[in-house]
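In the two complexes below, chain A is the common chain; its partner is chain B in one and chain C in the other.
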Partner chain A sequence: MTREHLRFMLPILSLSILLVGVFYLQPRAMSYFGLNLLFNLAIPVALATIAQMMIIMVNDIDLSIGTFVSFCACVTATLVQDTPLLGYTVLALAIVGYAAIGAVIHIRGLPAIVVTLGMSFVWAGLAVLLLPSPGGSPPPWLRTLMTMKPPLVPFAIIAACVIAAVTHLFIKRSSFGVLLRGVGGNERALERSGWSIVWLKAAAYGLAGLFGVLAGMALVGLTTSADANIALRYTLLSIAGVILGGGEFTGGRVSPIGAVIGALTLTLAASFLSFLRLSSDWQIGAQGAILILVLAVRLLVSRREGAA
Partner chain B sequence: MPNNDTMSGTLGVPVVALGDVHKSFGPVHALSGATLTVHAGECIGLVGHNGAGKSTLVNVINGRLEPTSGDLAFAGETPGQPPKGAQRAARAGVRSVFQELSLCPNLTVAENLRIPYRTMPRWGWRALARKTVRAALDEVFPDHGITARTLVGDLPLAERQMVEIAIAFSRRDSDARLVILDEPTSSLDAAIALQLLTHIRRFCDSGGAVIFISHMLGEVFGVASRIVVMKDGRITEDRPTKGFTRATLVDAMGHVASAATRTTSRDFGAEVLRLPNGLAARRGEVVGLAGLAGHGQAEVLADFFFSRSSTWHARRKPHVAFVAGDRSRDGVLPLWSILRNLGLMTLREHSSRGMVDHAQERAIGDTWRERIKIRTDDMTNPILSLSGGNQQKVLFARALASSAPIVVMDDPMRGVDVGTKKEVYRMIRAEAEQGRTFLWYSTETDEILECDRVFVFRNGAVSAELTGDAITEENMLRASFEMQEAAE
Partner chain C sequence: MTGFLQRPWIWAYLAAAAAFIATMYVSGGQGAGSLAYAALTFAAFAAIVGVGQMFVITLGPGNVDLSIPATMTLAGTLALKFMATDSSLILPGLGIALGVGLICGIVNFALILLLRIPPIIATLAASFLFQSVAIWSNRGLRIKPPAPLADFSTGGLPGLPNLALVAILIAIAAWVLLERGLAGRWILAIGQNARAAQLSGVPVNAVRFGVYVGSAVLAALTGFLLASFSGGANLNMGTEYMLMSIAVVVIGGSSIGGGSSNVPGIWGASLFMFLIVSMLNSYGLGAGVRLILTGCIIVTVVAFASKRSHSA
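What follows is the complex of A and B.
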């Protein structure tokens, strides 16, 4: 068993344990409808986690993903619905903006944590400007997509699998994905071979922007309306999801499949805690405790591995 | 893949030619007037002491540094606008293996080939990469036992180096014509190193060229057809290997000017430290740590320093003071004033009831400004207002102002002007006579010649202990370079 296998097994294991716990507490969740309900809201979280993963992959961290997803949700619920052309243009510009932020961070040697923290206020402000009070509605096609009822397997599960498969193929199997991960692993090695780190970083940020937009759209499709603060918690959830899924903050070690599983685990943890009838005041703390537990196990395993 | 039928052109054809190439970094001439032609089929052994300009030379060839002046021409270049820098060298078939590894530890062995392989086909590239890497590894290191799917981070250091070397020799879009190997055998064991040397010979026989940098003179003699000696940024010798013996080669590497006046040996006090690796010092002694850069001297000093100081709280009377060589990394607090920077070590020593004694701080500041001649009007100016040499003086004063009986110095004179150096030497002498012990790692020979006793490091261990008249540049070079055969 190599380190890579462990990295892969641990998220699956934690998801399975939680799932068993949920089924034990609430056997009725073990159905088409129950599973859909449990994992529905995991789709936007998973997309946001993938977005965060793109940034962590190049050794940066994004503190603006929550407000960015909120902003995208507001755009989707208002502009895209009212004037589609303008709406989609704004979303496309947002992606370009994200790529530009990545380029600026690299060229000027700025700490990503500061720049993205600053950007989070920009996105939040834009979202409030666009939608001062909760409201709006999703474009009909999006609503249809997100409430689809495919036979046998619930939509939420299929969507999670598709997101995981597509990003895995791109990040882990394509030759461009290797370069992106290489930036996180050893930037200088790429530079020496004549690759432009600016472009690669901009590409990683642009991809993060793309997945942030998708997360915002998926969220509106599910909730049918938006709010400027709708996804604030996504920032921390996405970071936690990447780490829970076997990623590391530095060194370009990320796993897209793990990140999606991490997002599912975090969503499930919230349901698990409500099934335990834990007051919502304690839920965030309890979610944190689950996270610390999993990370502690991972640390123990990798220490032993390192000693052996 | 285009033109991969032969490794390169005919024997004897120039692969790269440097004509009077200069490279300076500000006022420092790292390379002056280098003229060198590397022919196909040649293996050039490049030797020289620290800072002789070896890395500058190879970095000019591989395109990472743009020469300040002079010509650089590669074989097979069509006239017109050639691509710049690293791209140009890569297109001409120049590959490099650096001392610090340039692999991505988070990628697999095969994926690491993707990074230098710029025109990797989009589809089916994984199979191609695996096949290429396997073939290259099999060719250079038969029976290597490395699988292409392993993560590089999971490989031991030696195998990582093997992968990097194999990738440098691998076949891809442009073929390897000139491979630059900088200390390639530093973490390989003798048998594997021998495989590499055999492969280098084979590669050269088939028309490739190699520049081989090593501190193992046995290896250089074993593989090089021509030896180029560098000294102070110049190429001083360039002759076929047959024209050298080990003794003449070591002589050739030495400085022209030498024979500093040795101070008469003094009586030292009791031994104040002895480390398991043999490093020892007595009271009032200036002990030098010599050898080529990166052979474990800095690590020994850091380990010693941390073993004598507590992680939890600073002692009122420290046992050891540290003078950093890398100022920006572990010396200067850039936002603080000169005075604050100077008083850092003595904060506890001269504080009363947890409060900084400002009067005493100022007194120390004034004393040391006088003694070590820090050139400033006002000690409350920011530290960055000083020149590099004066910043370094502040760091010296910081350590010397404490009552620590042992001062550890990690190559502290890097980038310091001669005048400052002389002042600091004098200071060190005076302090040593008062009974302070100095551990001094330096990459500069003149500084080592100032020491009372010298330990030469090679591959992380002490390879020689020199005292008194035995402290000569020749002896140091002899101990820094491996004199035995490559495969001992």
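What follows is the complex of A and C.
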């Protein structure tokens, strides 16, 4: 088994162990309904994690994705519902805006961490302008999609698989995906061979924007209403999800499938506590503990690899 | 004069002064004294966490302490709970807060060292744990600070709040450490080239340990003071200081890539961050517009500050 395989297996293993734990504590969770309930809220988290992965892939970090998803949720619950044309235009512009931020960060050599922190104020402000108090409602088609009950396999599982498969094919198998990862791996080499780093960075940020929009829409479809703070925790969760899934902060080493699994693991960690009858006070702590645990195991594995 | 203008921190003070004048323009010069007093009070919190974050960022790329908000909340919560409004327990309470900071710093650095993970993810994971402990011990209760402590944190000399005095003393100590002390040289050397620093005999891990513990202790002190100032700890009290601590470092003219930092800029940027919000408030703008403008101004200032460092 190579290191790549281990890197890939570890996220799956940690999710499986957690899942077995949940099933052991509550056998009734091992059903169509139970699984859907466990993983429903993981869909927007998974989409936000993929968005974060796009940014981490080009060696940056996005501290605004939580407020951006909140903003998109607010747009979906208000504008898209009331005046669809305007609503979708705003969402498209938001994606373009994200791409523009990426371009500006590269052209001016700005620290992404500060620019995105600053942008988080902008998205939060726009969200508050749109929806000063919690409310709104999802477009009917979105509600229908998110509450779909396909035969045999719950929608949440299918959605997670589709997200993982599509992004895997795009990032790991397409030539454009190779270029994007190359920005994180060796920017200068790409530049010397004639590629425009500005455009590639803009593309990575634009993709992050796209998945942020999808996360916001999915969230509204599930919760049926939005508010300006609905997804603030996604910023830290998405970073944790990418790392949990075997991604690295530098070098363009990311794994879309791992990121989706990481998001599922973090969501499951939160509900695991309620099965243990532990107070929900420890939810965030459990997510942190799992992150630390997985990183520790990863270190042990790579050490043994190094010694062998 | 040109030499003075080339100081990296001068722009933060100019921006703060511009925001101050713009606010005064709206009010017709009314309340200049009270605005300055409020600015010194609130900038003090940002300045203390900013100094800690500055030392961390100085260590080089990837070094950021994301656990500052959680450490602040945990220290404030535990200290106020321990003191339980009893005036005789103020000093032990401060000890508890600083002790919490010490432990948080040790946990942060232990994760960085043992798991060999980037500090940003180590402090992130640790902050989940700290926040969870804070939630668990807080239980939605809001315990008031002991009266003398509340008086101290809201009081001050004419024109100089006690909190600002504390923060200025900390800034001076940090300046001496960074510019005159051996430890400061070591921190800068690691930020400029960790490998070269190690080879030339700098105790890299000991220095990094000190920096992360220092940042956490300063965050804990800020949490203690903020909870005393605002009449009790709450679970969101640290939230805005994530951005604040990083922004004041960068706007203050320190390099986000590490290896080059300055302390005076932290104070200028802290004043600026408060004054910009009060300026937008004085224009009577709604919360949404205020947030948007704050974000735009931060991004613009950062873009401007980075341009200078490129041309230099």
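The criterion applied here is as follows: the second predicted complex is superposed on the first by the 306 of 308 C-alpha atoms of A that agree within 3 Å, B and C clash if a C-alpha of one lies under 4 Å from a C-alpha of the other, contacts with A are read in each partner's own complex, and residues count from 1 in each chain.
Quick note on the criterion: contacts are C-beta pairs under 8 Å (C-beta built on N, C-alpha and C of every residue); 3 or more make two chains touch, one makes a residue touch a chain.
A quick note: this is a predicted structure, and the numbers were derived from the prediction, not measured.
Asks: Considering only the touch criterion stated at the top, classify A:M30 as touching first (chain B), second (chain C), both, or neither.
Replies: A:M30 sits against neither chain B nor chain C.
Asks: Is A:W195 touching the first partner chain B, the second partner chain C, both, or neither of them?
Replies: first
Asks: Output check: A:G252 vs chain B and chain C. Expected answer is one of first, second, both, neither. What do you get?
Replies: first
Asks: Let me test your reading of the model: by the given contact rule, A:G182 touches which partner, first (chain B), second (chain C), both or neither?
Replies: first
Asks: In the overlaid three-chain picture, which partner chain does A:L169 touch, first (chain B) or second (chain C), both, or neither?
Replies: neither
Asks: Could you let me know whether more residues of chain A are touched by chain B or by chain C?
Replies: C
Asks: Please write out, lowest number first, the residues of chain A touched by both chain B and chain C across the two complexes.
Replies: Dual-contact residues (chain A): none.
Asks: Using the touch definition up top, name the residues of chain C that touch chain A in the complex.
Replies: 62, 64, 66, 111, 114-118, 120-121, 124-129, 131-133, 135-136, 242-243, 246-247, 250, 256-257, 286-296, 298-299, 302-303, 306-307, 310
Asks: Going by the contact rule set out above, which residues of chain A touch chain C in the complex?
Replies: 61, 63, 104, 108-111, 113-115, 117-130, 132, 236, 239-240, 243, 249-250, 279, 281-289, 291-292, 295-296, 299
Asks: Please output the residues of chain B touching chain A within their complex, sorted ascending.
Replies: 64, 85-87, 90, 96, 102-107, 111, 114-116, 118, 120, 122, 125-126, 150-151, 153-154
Asks: Spell out the residues on chain A that touch chain B in their complex, using ranges where they run on.
Replies: Residues of chain A touching chain B: 2-4, 173-175, 178-179, 181-182, 184-186, 188-190, 192-195, 251-253.
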